[in-house]
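Right after this note come the structures.
Here chain A shows up in two complexes: once beside chain B, once beside chain C.
Here is the complex of A and B:
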C-alpha cells in the first residue's frame, strides 16, 4: 500500500488529464453561461412584454429541471431523436445553459438595484433602450452582483462533476479519480486529491471574483 | 391585503407535509420474517452464518441491469438471474431470506468492505487485486471477454478497436484489459452496463467490451447488435466474501460445490444462459480452481 503522496505521483498523468478536462468543461460552460445569462436578463427587464415572457420561460425551464435530467435530455434524448450531438457539446451546453438561468436571475436583481431615475434620465437624453442597458444599467448591475456571480461560478465548477458522472462519461477529474480508485482501492487517498483538484479551481474562481469586487468597488 | 388566510394556508400545507413524512416512515416497518426453515444447519455462535441466521436475512449485492445474471425485472418487480438463483440457494442453506441490493462493478467491493452487504454475486471476475480487499469463493461460472458492435460495423477483431470509442463499466476488468491490449481505443467508462447499451444503441460509442454473457444479455434486448465471439480473456466469477472470514468462505465454497453437484447449476444455466446461445457454445460447470483463476489476473 503506497501512501498519500505516492498515489498522486504514480497517477499524475491521469489526475492531470482529468483536471484539464474539468477545467476546459467549466471554462467553456462559463462563457456560455455569462453570454446567455446576460441576454436572458436583458430580455427579462426589457420594456417589451413578449421578451419578458421568453426570458421568464427560459429561467423557469432551466432552473426547474435537475441538471442530471437536463443532461439526459440533451444527450440521450437528442441522440434518440436522431441528432448526433457529442458528449462534449451536450455537457458544456447543458452546464452553461443551466448556470445561465441562475446568472440571469442574479443580474436581474442587480438591474433592479440601479435607480429607475437613471434609466429615465438616459432615455430622456435620447439613448435607445439597448444602449441604456449597455452603457448605464448593466455595468452597474454587474458590479453589484459580482459576489453573487462568484458563488454561482463555484456552484458550476462543482456541478461539472455531475456531467462526468452522467451517461456522457466524459473523462473529467471525478471520472479519472474513480478509475484510479477502482484499480487501487485507495479510496481516501484518491478522493483527497480529487477534492484538492476541485478546490484549486474553486479557490482560483474565488480569488478572481474577489479581485474584480475590489477593482470595481464603489468607494464610499 | 388580508394576511391571515395565507398564514393559515401555509400552516395547513406544512401539516400535510408532516403527515406525508410520517406516513412514509410508517411504510418502512416490515412484517417480521417467517420462521427459519427447520432443515438449516446450525453454526457456532460467533460465526457470520450464525449472525445472519439470527437476523433472518442475508443481504447480497447483485447487478440490477445485467440479464441474464441479475436483472430487476420491471414486470414482476423482482430481481432475477443466475446470480440471484445462486444467492437464493445459499440463503436456503442458511434457512434465511435473501435480500438483493444493487451492487455494480464500481461500488460492490466498498459495499462489502463497509458491511452494507454480506456477499457479492455481481458477475465479478476473480483477480489478485480484488483478492487483496476481499476473499473469493471457488469459481462458479466462467465467462469470456468479448466485443459487441452494431450490426454492419467494420470492427471484426480486437485490433480494430484502435481509435474507436469503447464502452465498459467503471471498475471492471476490461477497464485495464482494453487499456493494455488496445491503448489507442478511447474508453467510455460508465457505472452500469445498461448505460453501455444506451450508448451503443444511439451510436454514441463504436463498441461495448465486457463478459460474453453480459453482452449476450444485450443482444437479447436488441437483436440488431452483434457479438464478435473473440473470447480474448477468461473471466472466472467468484462470490465476494468479507476479507479474512474463513468460516464464511468455507460455507460459501461448500454451497457452490453443492450447487454444482446436485444439478442446480445446470438447471440454472439452461434457464438463464443455455437457451439463448448456439449449441456449440454451451458449457458445463467451471473446471477451474480459485488458485488457477487468480493467476489469470495477477497483480
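Here is the complex of A and C:
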C-alpha cells in the first residue's frame, strides 16, 4: 500500500490527462452555452410574440430535463436514429445547451435590469431593435449578470463530471479517477486527488469571475 | 420523420412499457422526496451553526459546507458507493421502516441518499444563511432587547422572515435535486433511466421495439411536467405571501446550484 503522495506521483499522467479533458469539455461547452444562451435571451426579450414562445420553450425544456437524460437523447438516441454523433460532440453539445438555458434566464433578468427608458431612448434615436440590443442593452446586461455567470460556470464544471460518468465514457477527471481506483483500490486517496482537481477548476473560476466583476464594474 | 413516426411511438400504448417507465419515475420521486426533507433539515442545522456566534462551531461548519458544495454530486455519489462500509449499508437496510417504499429499502440507496443529502444540505445551508443575513441587524437586536433568548429570537423573529426570502432559491435548488436523482442510476439503482435502458433492449415487452430516442424523450417529458409544476408552486407561494403580508417580498437568489434567475413576471412594476 502506498500513501497519499505516491498515488499522485505514480498516476500523475492519468490524473493530468483527465484534468485537461475536463477542462476542454468545460471550455467548449462554455462557448456553446454563451452563444446559444445569448441568442435565446434575445429571442425571449424580442418584441415578437412567436420568438418569445420559442425562447420560452427552449428554456423550459432544457432547464427541466436532467442532464443525464439529455445525454441519453443526444448520444444513444441520435445514434439509434442514424445520426453518427461522436461522444465528444454529444457531450459538449448537451452540457452547452443545458447551461445555455440558465444563461439565457440570467441574461434576460439582466436585460430587464437595464431599464425600459434606455431602450425607449435608443429606439427613439432611430436605432433598430437588434442594434439597440447589441449596443445599449447587452453590454450593460452582461455586466450585471457576471456573478450569476460565475456560479453557472462553477455548476457547469461540476456537471461536466456527469458527462464522463455517463454512457459517453469520455476520459475526464472522474473517469480517470475511477480507472485508477479500480487498479489500486485506494478509493479515498484517488478520490482525494480528483477532488483537488475539481477544486482547482472551481476556485480558479471563482477568482476569474471575481476579477471580471471588478474589471467591468461601472464606476459611478 | 423518425422522431414523430407513429411506429416509433407504438411502445407507449402497447403492453406495459409506459407503466414500467412510470414505476421507475416514482422511485426517482421517492428518493427526491426523502432527499428534500432530510436536506432541508440538515441544511437548516448547518446554517444555524454557521451563523452562531461561536467560532468553534461556525468555522468547521463553513469548511464542511464549502467542501461538499464545490464537489460534483456524481463524484460524491460514486465515492460513497465505493467507500461506505458494507456494515453501514446493512445497518441502513435493517433500520429503514417497513412502510417505506420498496425501492428505498435497497441497501445501495444509502450511498445515493447520503450523497444527495451531503451535497444539497451544503447548498441549502448557504441559501438559508444568506436569507438570514439579509435581514436588518436591528431585528435581532430588538428581539434581544425584548428579552427573548437566542433560541426564541431565531424561532419567532429571524427564521420566519429569513426563510421566507429564500423560497424561490430553495425551490430552484429542489428542482435541481429532483433532476439529480437520475444520477443514482450510475450506481445501479433501478430507477427511470435504468428502466428506460431496459425497455430499449430488444423484445423487452414482447415484440414491440422501443427506440431509445423516444423512450428518453418520454422520460424528459416526465421531468418537465413535475419540475414545471414545482416552479409554478414557488411562484404561487410567493404571491400568496405577498398578499398575506402586504409587502413586496425581498428575495435572496444566486446561491443555488443552477442560478435560474426567475424574472419578475408576477411583479406589477414590470
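Heads up, the rule we're going with is that the second predicted complex is superposed on the first by the 219 of 220 C-alpha atoms of A that agree within 3 Å, B and C clash if a C-alpha of one lies under 4 Å from a C-alpha of the other, contacts with A are read in each partner's own complex, and residues count from 1 in each chain.
Criterion: a residue touches a chain if its C-beta (ideal position, glycine included) is under 8 Å from a C-beta of that chain, and two chains touch if they have at least 3 such contacts.
Please read all numbers here as calculations on a predicted model, not as lab measurements.
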item: Touching partner for A:144 - first (chain B), second (chain C), both, neither; value: neither
item: More chain A residues in contact - chain B or chain C; value: C
item: Chain B versus chain C as contact partner of A:178, first or second or both or neither; value: both
item: First, second, both or neither for A:169, with chain B first and chain C second; value: first
item: Touched partner set for A:87, first chain B, second chain C, both or neither; value: first
item: Touched partner set for A:109, first chain B, second chain C, both or neither; value: second
item: Chain B versus chain C as contact partner of A:76, first or second or both or neither; value: both
item: Which superposed partner A:187 touches (first chain B, second chain C, both, neither); value: both
item: Touching both chain B and chain C, residues of chain A; value: 76, 80, 165, 178, 187
item: Complex contact set, residues of chain A against chain C; value: 60-61, 63-70, 72-73, 76-78, 80-82, 102, 105-106, 108-109, 112, 145, 147-148, 151-152, 154-155, 157-162, 165-166, 174, 178, 181, 187-188, 191, 194-195, 198-199, 202-203
item: Of all residues in chain A, those that touch chain B in their complex; value: 75-76, 79-80, 84, 87, 165, 167, 169, 171, 175, 178-179, 182-183, 185, 187
item: Chain B residues within the chain A interface of the complex; value: 105-106, 109-110, 129, 132-133, 167, 170-171, 175-176, 187-191, 195, 198-199, 202-204
item: Residues of chain C defined as touching chain A within the complex; value: 2-3, 70-75, 78-79, 82-83, 175, 179-183, 185-186, 193, 196-197, 200, 211-214, 216-217, 219-220, 223-224, 227-228, 254-255, 257-264, 270
